[in-house]
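Next, two complexes with chain A in common: one pairs it with chain B, the other with chain C.
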Partner chain A sequence: MGLTGLEIYKQLPKKNCGECGTPTCLAFAMALAAGKGALETCPYVTDEARENLASASAPPIKAIKFGNESVLGDETVLFRHDKTFYHPTTLLIKVSDKLTDSEIEAKVQEIEGLEFDRVGLHYSIDGIAVVNESSDQDRFSQVVEKVASATSRSLMVLSENPDALKAAVPGIASRKPLIGPATFENYEAVVNFAKEQKVPVILKADGLDALNELVESAQKLGYKEFVLDPGSRSTSQTLANLTHLRRLAIKKKYRPFGYPVIAFTGKNEPLDEIAEASVYVAKYASAIVLKTSIKAHILPLMALRQNLYTDPQKPIQVEPTLHVIGDVNENSPVYVTTNFSLTYYSVEGEVESSKIPSYILPIDTDGTSVLTAYAAGKFEPEKIADALAASGVAEKVNHRNLIIPGAVAVISGKLQEKSSWKVVVGPRESSGIISFVRTMQG
Partner chain B sequence: MIIIGERINGMFKDIGDGLRNKDPKPLQQWALTQQEGGAHYLDVNSGPAVPTEERPQAYEWMVKVIQEVSELPLCLDSTNYNAIEAGLKLCKRPAMINSVPAERPKIERVFPMAVQYNASVIGLTMDKKGIPKDSENRLAFAMELVAAADEFGLPMEDLFIDPLILPVNVAQEHAPEVLKSLQMIKTLSNPAPRTVLGLSNVSQKSPDRHLINRTYMAMAMACGLDAAIMDANDDDLVDVAATAEILLNNSIYADSYLKVFRQR
Partner chain C sequence: MPITLVKEKYQSKVGQVIIGATPDQGGTRTKVIVAGGDSALPFLHFEGKVENRPVIAMEVTDIIPPWNDVIKEQFGDVLDNPIAWAKKCVEEYNADMIYLKLIGANPDGENRSPEDCARIVKEVLGAVGVPLVVVGCEDSDKDNEVMAAVAEAAAGENLLIGLAEQDNYKSITAAAMVHKHNVIARSPLDINICKQLNILISEMGLPLNRIVIDPMIGGLGYGIEYAYSIMERARLGALANDKMLSMPMICTVGYEANRAKEANALAEEFPGWGELQDRSILWETLTATALLQVGASILLMRNPAAVRLVQQNIADLMEANA
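Take a look at the complex of A and B:
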């Protein structure tokens, strides 16, 4: 990302001495912005200005990596339709060190079970946040060790007591946990410890002004692997904070806020908590720590996350395998369509409401619609015939009738020849499927 | 695209007569006509119809009579900054100051005034020596104006830089330089200043003025033009503005986009 002339000019000494070979500082700034000069030719630039200029050309939000391939930050837009969101929100489940050993075992086991396969995609929970709620620092170390040995997922280790962190973290430092929180009271100890262990650290302060001050103080310790926590625990205040932090980092390139942000849910009722977490997934939280770990609560949140972090530029596709609608039998009709999700689900919806159990075979057209695929040579008789043979549907039905979209009626002859199925031209629009299939069956 | 209707100008005979006879009718009529055409601002210029010493009163009068019939914000067009200030005091909506060149004494007079009255400023990429020929020098003046906005606390989106288009029949080589300038002005700061052109200038004394105007407007919009002082009642021209907005993905497409553009 290039710097603007104004950003450079503000860092120059404004002496207009001409020693750089350009008559004024303003003209020099413009030459630099256009890539026509080197900052070194100005003998009066301060180290601070040099640093400001270097950091102004860095990405707006730093990427922070921790644990088992968890990546936070490194985002560039406020709205996903402007480009895309890159790094899906890291979801962690809280485990308190106040729990008994057996409760911890049960909780970790439940968390380990948070793996889902849905519409051809696999979702899994990213990690566990061990929180020091007992005031016992030995117990905290024990629990961290216990959790670490029971999971290979990313770990977060949270205690406001620097000594508790110092006791618990070294044993698992190779797994690069995210630790914290560093606050005004403990930040020198915690940030220096994080620096020594080479692990990222959460900076927590109450509100944006305080957070700004804390980040600037912490940066002076010579470490920059930070994740920000603006301290709020109510949904509305957190939403406002998340929005301000993202806006300032991207729109104003405000460097102290150029780090990913973590959110903690405040609600205790799990359904409320998931609604709250949904807000944070949608509005810029890079990581969220949740309390509930029940499958039914987590699945919708993960589906939302997957949905929001898809690339809007790329069409969404369904699996190009044989799909079964309802309680099929050997007489069930067989439809062919494309694997563009909009197309496929339009067909699926109509087939479902026809109440006739059916097979649908979406052809892999790189997620394009019927006419787009046909025009691009991705929906051709040979390809459809091959997919039909590979699908194994021939062994499942005792008829050989294949229903194709009405918009590509023109391929019916060739397809019949290639596949040896009887090709039936369906309606042009999927909305006509219900009456079409009734007529056919009747 | 911000359309600044150019018609209320003392250089036109009907407006000049209105000014001399203190007859508000032609001014009010053109305010409404331009508003219907699609104008977002009304340029207000007494021209030479009023002697210099009477201009402050004349601008007060013009602002008053136009605001009697139209709610549109005004673009006060004069080199007499006392006249502009007199007008600004009466403006009900944030106005635009047209214009200031990149000359220090004028910048020092106009920018604080703009901040005081919450007005926008049109800054010209020229100084006493005149209009530069190439885009590099136009840009250097634009940078002076950008630095001034930062210095005086004028929000960057309230600075409209005018890279000064000249008639194509006598100064043809300027037209592409102005397009280059428009592109580069957008890289000077973040947020970027906005840009404006006195569009009708490009076709002075040429035949087919309307064709030249609208062709250049589409080209300039592709280079980042945000506003134009122009004939708001040239329907083809307004259609081009609306269409270019669609093709630049600035407004969401609808079949009725020409109508929607005029309804804003």
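Take a look at the complex of A and C:
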């Protein structure tokens, strides 16, 4: 995140000595802002200014890494269309130490099963947050150990009692758990302990003013591996807090808030909880701690997360090779579409539902949809004919019928000529495939 | 030291569209719906007024719809009766509006006559007091006839009627102008076509406060992110005083979300996805809650259980925040 030339100029010695190679301090500042000079060439800049300028060139939100490759923060925009969101919201499931051993086993087993495959993508839950709700610190240690031994996912260890953290964390410190929360009451003990164990720590205060004060106090302990919790548990207030924190960090480069933010759901009814969590996935939470761990609840939330964190510049693509749906034979129909994953899987889903084993050939259109590719000259008859020949499907079927999307009916003549396959114009929408193949067969 | 929060100052706000008319306004509705009007990003009460809360219109069709059992079972035996069905949506599920889809008009299906369609609209108007959204069967020639008849029969009710599209907007716009209804302008996930269509419609003389944008959303898992970003840009455009993007936005949540395999496949078929019941409800719910975050004003929904969750989400988000 660069500063403007004027902001840099304010920090310079204003001697206009020219020793940096530029005639004036202002010109030097402009050069720095444009990334054309180095601060080191100025011999008179103060240490304080040097530090200010260095921290200003740091990313607006620090990346905090913990557990099994979980990365929080390191975001640069408020709207995904401005660039992209980089690090998908880390989702963790809460496990309370109030549960019995067998309940914990069952819960962890359920969490371990939160792995999903859909439309060629794999989603898996990121981790488990063990929460000290019993006031028993021995029990807490036991549960942390038990959970740690049952999963290799990222761990979060939460207790407001520093002694409970001190007992539970060292045994798993090598797994780099995210610990906390450090509050006004315990922050010296908790932050110092986190520093000693080299693990990141959650700073929790009620509201942004208090959080600001807590961050500044905690930074004085010489540690900066923080994750922020503004304390709110209602949907509306959490949305506001997440927005304020992200805006201050990015638009104002406000350093005390230049850390990732964690959200805890307030709702207890699982379906309401997922609806609540969907707001935080959309709006800037770097991590969310959930209570429900039921597959049917987690899958939709993970789909939303994957969707919103997709890079708008780089559409997700499938391999442009011949795909086989079901138990194909020499009479199976052959469809052609593009390798834009959304397009491909819309077709695949419908072909699958038709219950007729088929071949689908996605053409490499750099991940663009049928009409976009056609308009850009990436879905031309020559190209399709070449891909068809290269796919080897001709040896697999004994017919020569190729089904093309209805929206590009106009290419059928030319394609027929180039490929010497009989081109059949399919429905405009993939949702019409089922009735289309029925009429074809009937 | 207290933090100075970043509160955006916008030049303009989202336009307002009034749907429905009470008896003293020439209609028979017991209440009207006002969509839009916000002077802030969605639910950021701290920087501007969230003038009107988003509303939910529940979908009613004139023939029994091919929906999955998770949804159908909740309606019991009203699905073959649009009147009883609409009443149930309003009385039991607190729908803010009824979204009447005249699928029966389709020439390849029941091929119901425009007069018949108009009669059904009148019957539903007689059965419920909420405002109505009415669309045709997606056969453009037939829809032009059907919507002209509906617009005439329901003159004074200030319906929201659709769909006006880039290559077919004239006759529906004319019907809305003559009989004083509002129009849904639908564009295929393209902010430029969206803008262009609004210009074409307003050039015919329909005021901007009678147009609602349908950005043709994708459902969860199937392109929702495109709609999400287009709607976010449209909302930012409205706040920056782009008049041709300032209309409230309507989203076909029920239709899109329930097209997804994830909203229909039984657990026996896809054990990895968990039970269908909750999965199906949440698929529609999250399609709606995500789009609420980028400025949806009217949600067209199906599943009563999803409607309940989204109503709660809206109520939660309408609480003041700082």
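Simple rule for what comes next: the second predicted complex is superposed on the first by the 289 of 442 C-alpha atoms of A that agree within 3 Å, B and C clash if a C-alpha of one lies under 4 Å from a C-alpha of the other, contacts with A are read in each partner's own complex, and residues count from 1 in each chain.
Here, a residue touches a chain if its C-beta (ideal position, glycine included) is under 8 Å from a C-beta of that chain, and two chains touch if they have at least 3 such contacts.
These figures come from a predicted structure and were not determined experimentally.
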Which of chain B and chain C A:244 touches, first, second, both or neither: second
Which superposed partner A:26 touches (first chain B, second chain C, both, neither): first
First, second, both or neither for A:157, with chain B first and chain C second: neither
Partner touching more residues of chain A, whether chain B or chain C: C
Which superposed partner A:299 touches (first chain B, second chain C, both, neither): second
Partner chain in contact with A:287 - chain B first, chain C second, else both or neither: neither
Chain B versus chain C as contact partner of A:10, first or second or both or neither: first
Which superposed partner A:388 touches (first chain B, second chain C, both, neither): neither
Common ground on chain A, meaning residues reached by chain C in one complex and by chain B in the other: 251
Chain C-facing residues of chain A, complex: 79-81, 115-119, 208-209, 212-213, 234-237, 239-240, 243-244, 247-248, 251-252, 254, 270-272, 274-276, 278-279, 282-283, 294-301, 303-304, 307-308, 310, 312, 342, 345-346, 349, 353, 431
List of chain B residues in touch with chain A within their complex: 139-140, 143-144, 146-147, 150, 187-192
Contact footprint of chain A on chain C as seen in their complex: 1-3, 5-6, 43-46, 218, 220-225, 228-229, 232-233, 236, 259, 261-262, 267, 272-279, 281-283, 285-286, 289-290, 293-294, 305, 309-310, 312-313, 316-322
Chain A to chain B touching residues, read off their complex: 2, 4-7, 9-10, 26-27, 29-30, 33, 251, 253
